[in-house]
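The next block holds one structure in the form of C-alpha coordinates; read it before the comments.
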Amino acid sequence: MTDTNEMIGAVPGGVPLGARAVASAIDACLRCVQSCTTCANADLAEDDVVEMRRCIAQCLDCADVCDATARLLSRPAYSELAVIHPLLQACVRACTSSAEECARHAPHHAHCAVCERVCRACVGACTALLGAEAFAALR
Amino acid sequence: MTDTNEMIGAVPGGVPLGARAVASAIDACLRCVQSCTTCANADLAEDDVVEMRRCIAQCLDCADVCDATARLLSRPAYSELAVIHPLLQACVRACTSSAEECARHAPHHAHCAVCERVCRACVGACTALLGAEAFAALR
Amino acid sequence: MTDTNEMIGAVPGGVPLGARAVASAIDACLRCVQSCTTCANADLAEDDVVEMRRCIAQCLDCADVCDATARLLSRPAYSELAVIHPLLQACVRACTSSAEECARHAPHHAHCAVCERVCRACVGACTALLGAEAFAALR
Amino acid sequence: MTDTNEMIGAVPGGVPLGARAVASAIDACLRCVQSCTTCANADLAEDDVVEMRRCIAQCLDCADVCDATARLLSRPAYSELAVIHPLLQACVRACTSSAEECARHAPHHAHCAVCERVCRACVGACTALLGAEAFAALR
(Lines give C-alpha, C1' and ligand atoms only; values in the text may rest on other atoms or scores of the structure.)
Protein backbone atom coordinates (compact mmCIF):
# COMPACT_ATOMS: atom_id res chain seq x y z
CA MET A 1 0.00 0.00 0.00
CA THR A 2 1.44 3.35 -0.96
CA ASP A 3 1.74 6.34 1.37
CA THR A 4 -1.02 8.08 -0.60
CA ASN A 5 -3.39 5.16 -0.12
CA GLU A 6 -2.65 5.13 3.60
CA MET A 7 -3.12 8.88 3.93
CA ILE A 8 -6.41 8.99 2.02
CA GLY A 9 -7.68 5.93 3.87
CA ALA A 10 -7.02 7.65 7.21
CA VAL A 11 -9.22 10.69 6.59
CA PRO A 12 -12.25 10.59 8.92
CA GLY A 13 -15.65 10.35 7.24
CA GLY A 14 -14.73 8.30 4.20
CA VAL A 15 -14.03 9.16 0.58
CA PRO A 16 -17.14 9.43 -1.64
CA LEU A 17 -15.15 8.86 -4.86
CA GLY A 18 -13.42 5.76 -3.45
CA ALA A 19 -10.11 5.88 -1.58
CA ARG A 20 -8.17 3.68 -3.97
CA ALA A 21 -9.25 5.50 -7.15
CA VAL A 22 -8.60 8.89 -5.55
CA ALA A 23 -5.12 7.84 -4.38
CA SER A 24 -4.29 6.58 -7.87
CA ALA A 25 -5.39 9.84 -9.47
CA ILE A 26 -3.39 11.90 -6.94
CA ASP A 27 -0.22 9.90 -7.61
CA ALA A 28 -0.75 10.16 -11.38
CA CYS A 29 -1.27 13.94 -11.14
CA LEU A 30 1.86 14.48 -9.02
CA ARG A 31 3.96 12.41 -11.43
CA CYS A 32 2.57 14.57 -14.21
CA VAL A 33 3.51 17.79 -12.37
CA GLN A 34 7.03 16.41 -12.25
CA SER A 35 7.38 15.17 -15.82
CA CYS A 36 5.71 18.21 -17.39
CA THR A 37 7.82 20.67 -15.38
CA THR A 38 11.04 18.93 -16.40
CA CYS A 39 9.90 18.39 -20.00
CA ALA A 40 9.27 22.13 -20.44
CA ASN A 41 12.70 22.87 -18.98
CA ALA A 42 14.45 20.30 -21.15
CA ASP A 43 12.63 21.55 -24.27
CA LEU A 44 14.01 25.00 -23.54
CA ALA A 45 17.59 23.68 -23.62
CA GLU A 46 17.19 21.73 -26.87
CA ASP A 47 18.68 22.94 -30.15
CA ASP A 48 15.22 22.87 -31.74
CA VAL A 49 13.60 25.08 -29.09
CA VAL A 50 11.78 26.95 -31.86
CA GLU A 51 9.85 23.76 -32.64
CA MET A 52 9.21 23.07 -28.96
CA ARG A 53 7.29 26.24 -28.03
CA ARG A 54 3.83 24.66 -27.99
CA CYS A 55 5.19 21.69 -26.03
CA ILE A 56 6.69 24.03 -23.42
CA ALA A 57 3.49 26.05 -23.02
CA GLN A 58 1.19 23.02 -22.85
CA CYS A 59 3.44 21.19 -20.38
CA LEU A 60 3.45 24.25 -18.09
CA ASP A 61 -0.35 24.46 -18.20
CA CYS A 62 -0.62 20.72 -17.61
CA ALA A 63 1.67 20.89 -14.57
CA ASP A 64 -0.40 23.65 -12.97
CA VAL A 65 -3.76 21.94 -13.57
CA CYS A 66 -2.40 18.61 -12.28
CA ASP A 67 -0.99 20.34 -9.20
CA ALA A 68 -4.38 21.85 -8.32
CA THR A 69 -6.15 18.56 -9.06
CA ALA A 70 -3.76 16.60 -6.81
CA ARG A 71 -4.29 19.12 -4.01
CA LEU A 72 -8.10 19.07 -4.15
CA LEU A 73 -8.23 15.28 -4.39
CA SER A 74 -5.94 15.16 -1.35
CA ARG A 75 -8.66 16.87 0.73
CA PRO A 76 -11.60 14.44 0.83
CA ALA A 77 -13.10 15.91 4.01
CA TYR A 78 -15.54 18.76 3.27
CA SER A 79 -14.77 18.50 -0.45
CA GLU A 80 -17.27 19.46 -3.11
CA LEU A 81 -17.88 17.18 -6.08
CA ALA A 82 -19.24 20.08 -8.15
CA VAL A 83 -15.75 21.65 -8.04
CA ILE A 84 -13.81 18.44 -8.55
CA HIS A 85 -15.80 17.32 -11.59
CA PRO A 86 -14.92 20.23 -13.94
CA LEU A 87 -11.38 20.30 -12.51
CA LEU A 88 -10.91 16.65 -13.49
CA GLN A 89 -12.28 17.48 -16.95
CA ALA A 90 -9.74 20.31 -17.30
CA CYS A 91 -7.03 17.91 -16.12
CA VAL A 92 -7.93 15.20 -18.64
CA ARG A 93 -7.99 17.79 -21.45
CA ALA A 94 -4.62 19.33 -20.42
CA CYS A 95 -2.93 15.93 -20.06
CA THR A 96 -4.32 14.75 -23.41
CA SER A 97 -2.94 17.83 -25.18
CA SER A 98 0.47 17.47 -23.53
CA ALA A 99 0.58 13.79 -24.40
CA GLU A 100 -0.29 14.45 -28.04
CA GLU A 101 2.24 17.25 -28.40
CA CYS A 102 4.96 15.22 -26.63
CA ALA A 103 4.17 12.26 -28.91
CA ARG A 104 5.22 14.36 -31.91
CA HIS A 105 8.68 14.88 -30.39
CA ALA A 106 9.10 11.53 -28.64
CA PRO A 107 11.16 9.99 -31.50
CA HIS A 108 13.97 12.54 -31.00
CA HIS A 109 13.60 13.68 -27.36
CA ALA A 110 13.70 11.06 -24.58
CA HIS A 111 12.05 13.47 -22.10
CA CYS A 112 9.04 13.82 -24.42
CA ALA A 113 8.71 10.03 -24.66
CA VAL A 114 8.63 9.65 -20.87
CA CYS A 115 6.37 12.69 -20.45
CA GLU A 116 3.87 11.35 -23.00
CA ARG A 117 3.67 8.10 -21.04
CA VAL A 118 3.17 9.88 -17.71
CA CYS A 119 0.50 12.21 -19.18
CA ARG A 120 -1.43 9.26 -20.65
CA ALA A 121 -1.37 7.48 -17.28
CA CYS A 122 -2.86 10.62 -15.73
CA VAL A 123 -5.57 10.75 -18.40
CA GLY A 124 -6.39 7.15 -17.49
CA ALA A 125 -6.54 7.71 -13.73
CA CYS A 126 -8.61 10.91 -13.97
CA THR A 127 -10.98 9.46 -16.56
CA ALA A 128 -11.55 6.46 -14.29
CA LEU A 129 -12.37 8.84 -11.44
CA LEU A 130 -14.82 10.79 -13.60
CA GLY A 131 -16.71 7.52 -13.99
CA ALA A 132 -17.25 7.19 -10.23
CA GLU A 133 -20.80 6.49 -9.10
CA ALA A 134 -20.69 9.52 -6.80
CA PHE A 135 -20.52 11.84 -9.83
CA ALA A 136 -23.67 10.32 -11.38
CA ALA A 137 -25.89 13.19 -10.23
CA LEU A 138 -23.59 15.75 -11.89
CA ARG A 139 -23.48 14.11 -15.32
CA MET B 1 -3.62 50.62 -16.73
CA THR B 2 -2.57 47.94 -14.30
CA ASP B 3 0.60 45.85 -14.61
CA THR B 4 -1.51 42.80 -15.50
CA ASN B 5 -3.21 44.66 -18.35
CA GLU B 6 0.17 45.78 -19.65
CA MET B 7 1.65 42.30 -19.40
CA ILE B 8 -1.25 40.55 -21.12
CA GLY B 9 -1.40 43.23 -23.80
CA ALA B 10 2.30 42.67 -24.60
CA VAL B 11 2.01 38.96 -25.42
CA PRO B 12 2.65 38.44 -29.16
CA GLY B 13 -0.25 37.00 -31.15
CA GLY B 14 -3.15 38.53 -29.27
CA VAL B 15 -5.54 37.21 -26.62
CA PRO B 16 -8.57 35.32 -28.00
CA LEU B 17 -10.63 35.87 -24.83
CA GLY B 18 -9.91 39.60 -24.79
CA ALA B 19 -6.95 41.16 -23.00
CA ARG B 20 -8.95 43.35 -20.64
CA ALA B 21 -11.34 40.60 -19.53
CA VAL B 22 -8.47 38.15 -19.05
CA ALA B 23 -6.45 40.65 -17.01
CA SER B 24 -9.47 41.35 -14.80
CA ALA B 25 -10.02 37.64 -14.17
CA ILE B 26 -6.32 37.10 -13.36
CA ASP B 27 -6.31 39.94 -10.82
CA ALA B 28 -9.54 38.67 -9.27
CA CYS B 29 -8.15 35.14 -8.99
CA LEU B 30 -4.90 36.29 -7.36
CA ARG B 31 -6.80 38.42 -4.84
CA CYS B 32 -8.86 35.31 -4.09
CA VAL B 33 -5.73 33.19 -3.55
CA GLN B 34 -4.69 35.79 -0.99
CA SER B 35 -7.98 36.24 0.86
CA CYS B 36 -8.84 32.53 0.96
CA THR B 37 -5.37 31.56 2.21
CA THR B 38 -5.53 34.10 5.02
CA CYS B 39 -9.19 33.37 5.81
CA ALA B 40 -8.40 29.67 6.33
CA ASN B 41 -5.47 30.60 8.59
CA ALA B 42 -7.52 33.11 10.59
CA ASP B 43 -10.40 30.61 10.97
CA LEU B 44 -7.93 28.19 12.50
CA ALA B 45 -6.99 30.69 15.20
CA GLU B 46 -10.58 31.59 16.13
CA ASP B 47 -12.23 30.34 19.33
CA ASP B 48 -15.02 28.76 17.26
CA VAL B 49 -12.66 26.74 15.04
CA VAL B 50 -15.00 23.75 15.37
CA GLU B 51 -17.67 25.73 13.49
CA MET B 52 -15.13 26.93 10.88
CA ARG B 53 -13.98 23.55 9.51
CA ARG B 54 -15.98 23.69 6.30
CA CYS B 55 -14.91 27.30 5.74
CA ILE B 56 -11.22 26.33 6.15
CA ALA B 57 -11.47 23.40 3.72
CA GLN B 58 -13.42 25.30 1.08
CA CYS B 59 -11.13 28.33 1.27
CA LEU B 60 -8.08 26.09 0.77
CA ASP B 61 -9.67 24.45 -2.27
CA CYS B 62 -10.71 27.83 -3.63
CA ALA B 63 -7.17 29.23 -3.26
CA ASP B 64 -5.68 26.31 -5.19
CA VAL B 65 -8.20 26.45 -8.04
CA CYS B 66 -7.83 30.25 -8.32
CA ASP B 67 -4.03 29.89 -8.35
CA ALA B 68 -4.13 27.47 -11.28
CA THR B 69 -6.72 29.60 -13.09
CA ALA B 70 -4.61 32.75 -12.70
CA ARG B 71 -1.56 30.90 -14.02
CA LEU B 72 -3.27 29.47 -17.13
CA LEU B 73 -4.96 32.78 -17.95
CA SER B 74 -1.53 34.42 -17.63
CA ARG B 75 -0.30 32.32 -20.57
CA PRO B 76 -2.34 33.43 -23.61
CA ALA B 77 0.23 32.25 -26.17
CA TYR B 78 -0.32 28.60 -27.16
CA SER B 79 -3.20 28.31 -24.68
CA GLU B 80 -6.08 25.94 -25.16
CA LEU B 81 -9.66 27.09 -24.65
CA ALA B 82 -10.83 23.51 -24.07
CA VAL B 83 -8.71 23.42 -20.88
CA ILE B 84 -9.53 26.95 -19.72
CA HIS B 85 -13.31 26.53 -20.05
CA PRO B 86 -13.78 23.72 -17.48
CA LEU B 87 -11.11 25.30 -15.27
CA LEU B 88 -13.09 28.56 -15.16
CA GLN B 89 -16.21 26.53 -14.33
CA ALA B 90 -14.38 24.86 -11.43
CA CYS B 91 -13.19 28.29 -10.32
CA VAL B 92 -16.66 29.84 -10.36
CA ARG B 93 -18.05 26.90 -8.38
CA ALA B 94 -15.21 26.98 -5.80
CA CYS B 95 -15.50 30.76 -5.33
CA THR B 96 -19.29 30.56 -5.01
CA SER B 97 -19.01 27.91 -2.28
CA SER B 98 -16.37 29.88 -0.38
CA ALA B 99 -18.43 33.05 -0.65
CA GLU B 100 -21.56 31.32 0.65
CA GLU B 101 -19.76 29.68 3.55
CA CYS B 102 -17.91 32.91 4.44
CA ALA B 103 -21.24 34.78 4.30
CA ARG B 104 -22.52 32.63 7.19
CA HIS B 105 -19.62 33.79 9.37
CA ALA B 106 -19.26 37.36 8.10
CA PRO B 107 -21.35 38.86 10.93
CA HIS B 108 -18.82 37.73 13.57
CA HIS B 109 -15.51 37.38 11.64
CA ALA B 110 -14.17 40.39 9.71
CA HIS B 111 -11.89 38.15 7.60
CA CYS B 112 -14.93 36.19 6.36
CA ALA B 113 -16.68 39.42 5.37
CA VAL B 114 -13.71 40.56 3.28
CA CYS B 115 -13.16 37.07 1.86
CA GLU B 116 -16.82 36.78 0.82
CA ARG B 117 -16.52 40.05 -1.08
CA VAL B 118 -13.28 39.00 -2.82
CA CYS B 119 -14.73 35.58 -3.77
CA ARG B 120 -17.87 37.18 -5.23
CA ALA B 121 -15.71 39.54 -7.32
CA CYS B 122 -13.86 36.51 -8.67
CA VAL B 123 -17.15 34.78 -9.52
CA GLY B 124 -18.10 37.90 -11.46
CA ALA B 125 -14.83 38.18 -13.40
CA CYS B 126 -14.68 34.48 -14.28
CA THR B 127 -18.37 34.32 -15.23
CA ALA B 128 -17.85 37.30 -17.54
CA LEU B 129 -14.93 35.49 -19.16
CA LEU B 130 -17.01 32.33 -19.64
CA GLY B 131 -19.35 34.47 -21.75
CA ALA B 132 -16.58 35.39 -24.20
CA GLU B 133 -17.38 34.97 -27.87
CA ALA B 134 -14.28 32.77 -28.29
CA PHE B 135 -15.87 30.10 -26.07
CA ALA B 136 -19.02 29.91 -28.24
CA ALA B 137 -17.93 26.76 -30.02
CA LEU B 138 -17.40 24.97 -26.67
CA ARG B 139 -20.79 25.74 -25.17
CA MET C 1 -6.61 50.09 2.93
CA THR C 2 -6.25 47.16 0.55
CA ASP C 3 -8.01 43.80 0.91
CA THR C 4 -4.68 42.20 1.85
CA ASN C 5 -4.12 44.69 4.65
CA GLU C 6 -7.62 44.07 5.95
CA MET C 7 -7.23 40.30 5.77
CA ILE C 8 -3.85 40.20 7.53
CA GLY C 9 -5.04 42.70 10.14
CA ALA C 10 -7.99 40.43 10.96
CA VAL C 11 -5.94 37.34 11.87
CA PRO C 12 -6.28 36.65 15.63
CA GLY C 13 -3.06 36.84 17.64
CA GLY C 14 -1.23 39.54 15.72
CA VAL C 15 1.50 39.50 13.09
CA PRO C 16 5.06 39.34 14.49
CA LEU C 17 6.60 40.75 11.28
CA GLY C 18 4.15 43.69 11.19
CA ALA C 19 0.82 43.54 9.35
CA ARG C 20 1.52 46.40 6.95
CA ALA C 21 4.96 45.12 5.85
CA VAL C 22 3.64 41.58 5.46
CA ALA C 23 0.67 42.73 3.37
CA SER C 24 2.99 44.76 1.12
CA ALA C 25 5.26 41.78 0.57
CA ILE C 26 2.30 39.48 -0.20
CA ASP C 27 0.93 41.90 -2.79
CA ALA C 28 4.38 42.34 -4.35
CA CYS C 29 4.88 38.57 -4.53
CA LEU C 30 1.49 37.94 -6.17
CA ARG C 31 2.13 40.68 -8.75
CA CYS C 32 5.44 38.96 -9.45
CA VAL C 33 3.74 35.57 -9.91
CA GLN C 34 1.58 37.28 -12.52
CA SER C 35 4.25 39.23 -14.40
CA CYS C 36 6.80 36.40 -14.42
CA THR C 37 4.25 33.84 -15.63
CA THR C 38 3.17 36.08 -18.50
CA CYS C 39 6.72 37.19 -19.29
CA ALA C 40 7.83 33.57 -19.74
CA ASN C 41 4.84 32.92 -21.99
CA ALA C 42 5.42 36.05 -24.08
CA ASP C 43 9.15 35.26 -24.40
CA LEU C 44 8.16 31.91 -25.87
CA ALA C 45 6.15 33.59 -28.62
CA GLU C 46 8.88 36.10 -29.58
CA ASP C 47 10.93 35.73 -32.75
CA ASP C 48 14.13 35.74 -30.67
CA VAL C 49 13.03 32.88 -28.39
CA VAL C 50 16.54 31.40 -28.66
CA GLU C 51 17.89 34.46 -26.83
CA MET C 52 15.08 34.34 -24.26
CA ARG C 53 15.70 30.85 -22.79
CA ARG C 54 17.36 32.01 -19.59
CA CYS C 55 14.66 34.65 -19.13
CA ILE C 56 11.92 32.02 -19.50
CA ALA C 57 13.54 29.62 -17.01
CA GLN C 58 14.32 32.29 -14.41
CA CYS C 59 10.84 33.83 -14.66
CA LEU C 60 9.26 30.40 -14.09
CA ASP C 61 11.43 29.80 -11.02
CA CYS C 62 10.69 33.30 -9.75
CA ALA C 63 6.91 32.79 -10.14
CA ASP C 64 7.01 29.56 -8.12
CA VAL C 65 9.13 30.96 -5.29
CA CYS C 66 6.96 34.11 -5.11
CA ASP C 67 3.82 31.96 -5.04
CA ALA C 68 5.07 29.95 -2.06
CA THR C 69 6.29 33.11 -0.30
CA ALA C 70 2.91 34.84 -0.76
CA ARG C 71 1.15 31.77 0.64
CA LEU C 72 3.31 31.41 3.73
CA LEU C 73 3.18 35.14 4.48
CA SER C 74 -0.61 34.91 4.15
CA ARG C 75 -0.69 32.53 7.15
CA PRO C 76 0.54 34.57 10.14
CA ALA C 77 -1.14 32.33 12.73
CA TYR C 78 1.10 29.45 13.83
CA SER C 79 3.77 30.53 11.33
CA GLU C 80 7.43 29.87 11.84
CA LEU C 81 9.99 32.59 11.29
CA ALA C 82 12.77 30.03 10.77
CA VAL C 83 10.97 28.85 7.60
CA ILE C 84 9.98 32.31 6.36
CA HIS C 85 13.49 33.78 6.68
CA PRO C 86 15.27 31.50 4.16
CA LEU C 87 12.19 31.53 1.94
CA LEU C 88 12.35 35.34 1.76
CA GLN C 89 16.06 35.06 0.95
CA ALA C 90 15.30 32.65 -1.91
CA CYS C 91 12.59 35.05 -3.09
CA VAL C 92 14.89 38.09 -3.08
CA ARG C 93 17.52 36.13 -5.00
CA ALA C 94 15.04 34.79 -7.59
CA CYS C 95 13.45 38.21 -8.14
CA THR C 96 16.86 39.87 -8.47
CA SER C 97 17.92 37.36 -11.13
CA SER C 98 14.66 37.76 -13.07
CA ALA C 99 14.91 41.54 -12.88
CA GLU C 100 18.51 41.51 -14.14
CA GLU C 101 17.73 39.14 -17.01
CA CYS C 102 14.56 41.05 -17.97
CA ALA C 103 16.57 44.30 -17.90
CA ARG C 104 18.75 42.97 -20.71
CA HIS C 105 15.67 42.54 -22.93
CA ALA C 106 13.60 45.51 -21.72
CA PRO C 107 14.72 47.79 -24.60
CA HIS C 108 13.07 45.52 -27.19
CA HIS C 109 10.35 43.64 -25.23
CA ALA C 110 7.69 45.66 -23.38
CA HIS C 111 6.79 42.63 -21.20
CA CYS C 112 10.36 42.43 -19.95
CA ALA C 113 10.34 46.13 -19.05
CA VAL C 114 7.19 45.73 -16.95
CA CYS C 115 8.38 42.44 -15.45
CA GLU C 116 11.72 43.98 -14.43
CA ARG C 117 9.85 46.75 -12.58
CA VAL C 118 7.53 44.28 -10.82
CA CYS C 119 10.44 42.04 -9.80
CA ARG C 120 12.40 44.98 -8.37
CA ALA C 121 9.35 46.04 -6.35
CA CYS C 122 9.21 42.52 -4.92
CA VAL C 123 12.92 42.64 -4.04
CA GLY C 124 12.22 45.87 -2.18
CA ALA C 125 9.22 44.57 -0.24
CA CYS C 126 10.89 41.27 0.74
CA THR C 127 14.17 42.95 1.66
CA ALA C 128 12.25 45.35 3.91
CA LEU C 129 10.57 42.39 5.59
CA LEU C 130 13.92 40.63 6.13
CA GLY C 131 14.93 43.70 8.16
CA ALA C 132 12.04 43.21 10.60
CA GLU C 133 12.92 43.29 14.29
CA ALA C 134 11.28 39.87 14.78
CA PHE C 135 13.97 38.27 12.60
CA ALA C 136 16.80 39.69 14.74
CA ALA C 137 17.36 36.43 16.61
CA LEU C 138 17.78 34.53 13.33
CA ARG C 139 20.40 36.82 11.80
CA MET D 1 14.81 3.68 -12.71
CA THR D 2 11.91 5.93 -11.79
CA ASP D 3 10.24 8.37 -14.20
CA THR D 4 11.80 11.26 -12.29
CA ASN D 5 15.29 9.83 -12.70
CA GLU D 6 14.69 9.37 -16.41
CA MET D 7 13.28 12.86 -16.83
CA ILE D 8 16.09 14.62 -14.95
CA GLY D 9 18.70 12.52 -16.73
CA ALA D 10 17.30 13.63 -20.12
CA VAL D 11 17.75 17.37 -19.56
CA PRO D 12 20.46 18.69 -21.93
CA GLY D 13 23.53 20.16 -20.26
CA GLY D 14 23.71 18.00 -17.16
CA VAL D 15 22.65 18.49 -13.56
CA PRO D 16 25.23 20.28 -11.37
CA LEU D 17 23.76 18.89 -8.12
CA GLY D 18 23.75 15.31 -9.45
CA ALA D 19 20.81 13.75 -11.30
CA ARG D 20 20.18 10.95 -8.85
CA ALA D 21 20.23 13.14 -5.73
CA VAL D 22 18.02 15.75 -7.40
CA ALA D 23 15.49 13.13 -8.52
CA SER D 24 15.35 11.69 -4.99
CA ALA D 25 14.72 15.11 -3.50
CA ILE D 26 11.99 15.89 -6.06
CA ASP D 27 10.18 12.62 -5.31
CA ALA D 28 10.50 13.18 -1.56
CA CYS D 29 9.13 16.74 -1.89
CA LEU D 30 6.14 15.65 -3.99
CA ARG D 31 5.28 12.88 -1.53
CA CYS D 32 5.45 15.50 1.21
CA VAL D 33 3.07 17.82 -0.71
CA GLN D 34 0.65 14.89 -0.78
CA SER D 35 0.94 13.72 2.82
CA CYS D 36 0.92 17.22 4.32
CA THR D 37 -2.11 18.30 2.27
CA THR D 38 -4.09 15.25 3.34
CA CYS D 39 -2.85 15.40 6.95
CA ALA D 40 -4.11 18.99 7.29
CA ASN D 41 -7.47 17.95 5.83
CA ALA D 42 -7.77 14.89 8.08
CA ASP D 43 -6.79 16.93 11.16
CA LEU D 44 -9.68 19.26 10.37
CA ALA D 45 -12.15 16.39 10.49
CA GLU D 46 -10.89 14.94 13.79
CA ASP D 47 -12.80 15.36 17.05
CA ASP D 48 -9.75 16.99 18.62
CA VAL D 49 -9.38 19.65 15.90
CA VAL D 50 -8.72 22.24 18.63
CA GLU D 51 -5.49 20.39 19.48
CA MET D 52 -4.57 20.02 15.80
CA ARG D 53 -4.42 23.70 14.80
CA ARG D 54 -0.65 24.00 14.77
CA CYS D 55 -0.36 20.71 12.88
CA ILE D 56 -2.80 21.97 10.21
CA ALA D 57 -0.97 25.28 9.74
CA GLN D 58 2.50 23.74 9.65
CA CYS D 59 1.44 21.00 7.22
CA LEU D 60 -0.04 23.61 4.87
CA ASP D 61 3.18 25.64 4.95
CA CYS D 62 5.24 22.50 4.45
CA ALA D 63 3.17 21.46 1.41
CA ASP D 64 3.65 24.85 -0.26
CA VAL D 65 7.41 25.00 0.36
CA CYS D 66 7.85 21.40 -0.84
CA ASP D 67 5.78 22.16 -3.95
CA ALA D 68 8.01 25.10 -4.90
CA THR D 69 11.16 23.10 -4.10
CA ALA D 70 10.04 20.18 -6.29
CA ARG D 71 9.30 22.58 -9.13
CA LEU D 72 12.64 24.39 -9.02
CA LEU D 73 14.61 21.15 -8.68
CA SER D 74 12.66 19.86 -11.71
CA ARG D 75 14.23 22.64 -13.83
CA PRO D 76 17.99 21.92 -13.91
CA ALA D 77 18.60 23.86 -17.14
CA TYR D 78 19.33 27.55 -16.47
CA SER D 79 18.78 27.03 -12.74
CA GLU D 80 20.48 29.13 -10.12
CA LEU D 81 22.11 27.50 -7.11
CA ALA D 82 21.88 30.74 -5.12
CA VAL D 83 18.07 30.44 -5.22
CA ILE D 84 17.92 26.69 -4.63
CA HIS D 85 20.19 26.73 -1.58
CA PRO D 86 18.00 28.92 0.70
CA LEU D 87 14.88 27.24 -0.71
CA LEU D 88 16.22 23.83 0.36
CA GLN D 89 17.00 25.31 3.79
CA ALA D 90 13.40 26.54 4.08
CA CYS D 91 12.20 23.12 2.99
CA VAL D 92 14.29 21.24 5.56
CA ARG D 93 13.07 23.58 8.31
CA ALA D 94 9.39 23.28 7.26
CA CYS D 95 9.56 19.48 7.00
CA THR D 96 11.33 19.20 10.36
CA SER D 97 8.62 21.25 12.06
CA SER D 98 5.82 19.25 10.44
CA ALA D 99 7.51 15.99 11.39
CA GLU D 100 7.93 17.08 15.00
CA GLU D 101 4.35 18.30 15.32
CA CYS D 102 2.97 15.17 13.62
CA ALA D 103 5.08 13.02 15.95
CA ARG D 104 3.13 14.41 18.92
CA HIS D 105 -0.13 13.16 17.41
CA ALA D 106 1.12 9.97 15.74
CA PRO D 107 0.06 7.72 18.64
CA HIS D 108 -3.63 8.57 18.10
CA HIS D 109 -3.85 9.66 14.43
CA ALA D 110 -2.64 7.26 11.71
CA HIS D 111 -2.35 10.11 9.17
CA CYS D 112 0.08 11.92 11.46
CA ALA D 113 2.21 8.78 11.78
CA VAL D 114 2.49 8.42 7.99
CA CYS D 115 3.00 12.14 7.50
CA GLU D 116 5.80 12.24 10.08
CA ARG D 117 7.59 9.47 8.18
CA VAL D 118 7.17 11.19 4.81
CA CYS D 119 8.37 14.54 6.19
CA ARG D 120 11.47 12.95 7.73
CA ALA D 121 12.30 11.29 4.40
CA CYS D 122 12.10 14.71 2.77
CA VAL D 123 14.39 16.20 5.41
CA GLY D 124 16.86 13.44 4.58
CA ALA D 125 16.75 13.92 0.81
CA CYS D 126 17.00 17.71 0.97
CA THR D 127 19.76 17.64 3.60
CA ALA D 128 21.72 15.26 1.37
CA LEU D 129 21.30 17.67 -1.53
CA LEU D 130 22.47 20.62 0.58
CA GLY D 131 25.72 18.68 1.03
CA ALA D 132 26.37 18.58 -2.73
CA GLU D 133 29.81 19.64 -3.87
CA ALA D 134 28.26 22.20 -6.24
CA PHE D 135 26.99 24.19 -3.25
CA ALA D 136 30.46 24.44 -1.70
CA ALA D 137 31.03 27.97 -2.93
CA LEU D 138 27.78 29.14 -1.28
CA ARG D 139 28.47 27.73 2.16
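Just so it is clear, A, B, C and D label the chains in written order, and each chain counts residues from 1 on its own.
Quick note on the criterion: a contact is a pair of C-beta atoms (placed from the backbone, for glycine too) under 8 Å apart; a residue touches a chain by one contact, two chains touch by 3 or more.
Since we're looking at a predicted model, the values are computed, not measured.
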| item | value |
| --- | --- |
| More contacts between chains, A-C or A-D | A-D |
| Identity of the chain that, by mean CA position, is farthest from chain A | C |
| Whole-Å gap between the CA centroids of chain A and chain D | 20 |
| Chain centre separation (chain A, chain C; CA means) in Å | 27 |
| Sequence positions of chain C contacting 2 or more other chains | 40-41, 44-45, 53, 56-57, 60, 67, 71, 75, 77-78 |
| List of chain C residues in touch with chain A within their complex | 40-41, 44-45, 49-50, 53, 56-57, 60 |
| Chain C-facing residues of chain D, complex | 53-54, 56-58, 60-61, 64-65, 67-68, 71-72, 75, 77-80, 82-87, 89-90, 93-94, 97 |
| Interfacial residue positions of chain B with respect to chain C in the complex | 3-4, 6-8, 10-13, 26-27, 30-31, 33-35, 37-42, 44-46, 63, 67, 70-71, 74-78, 109-111, 114-115, 117-118 |
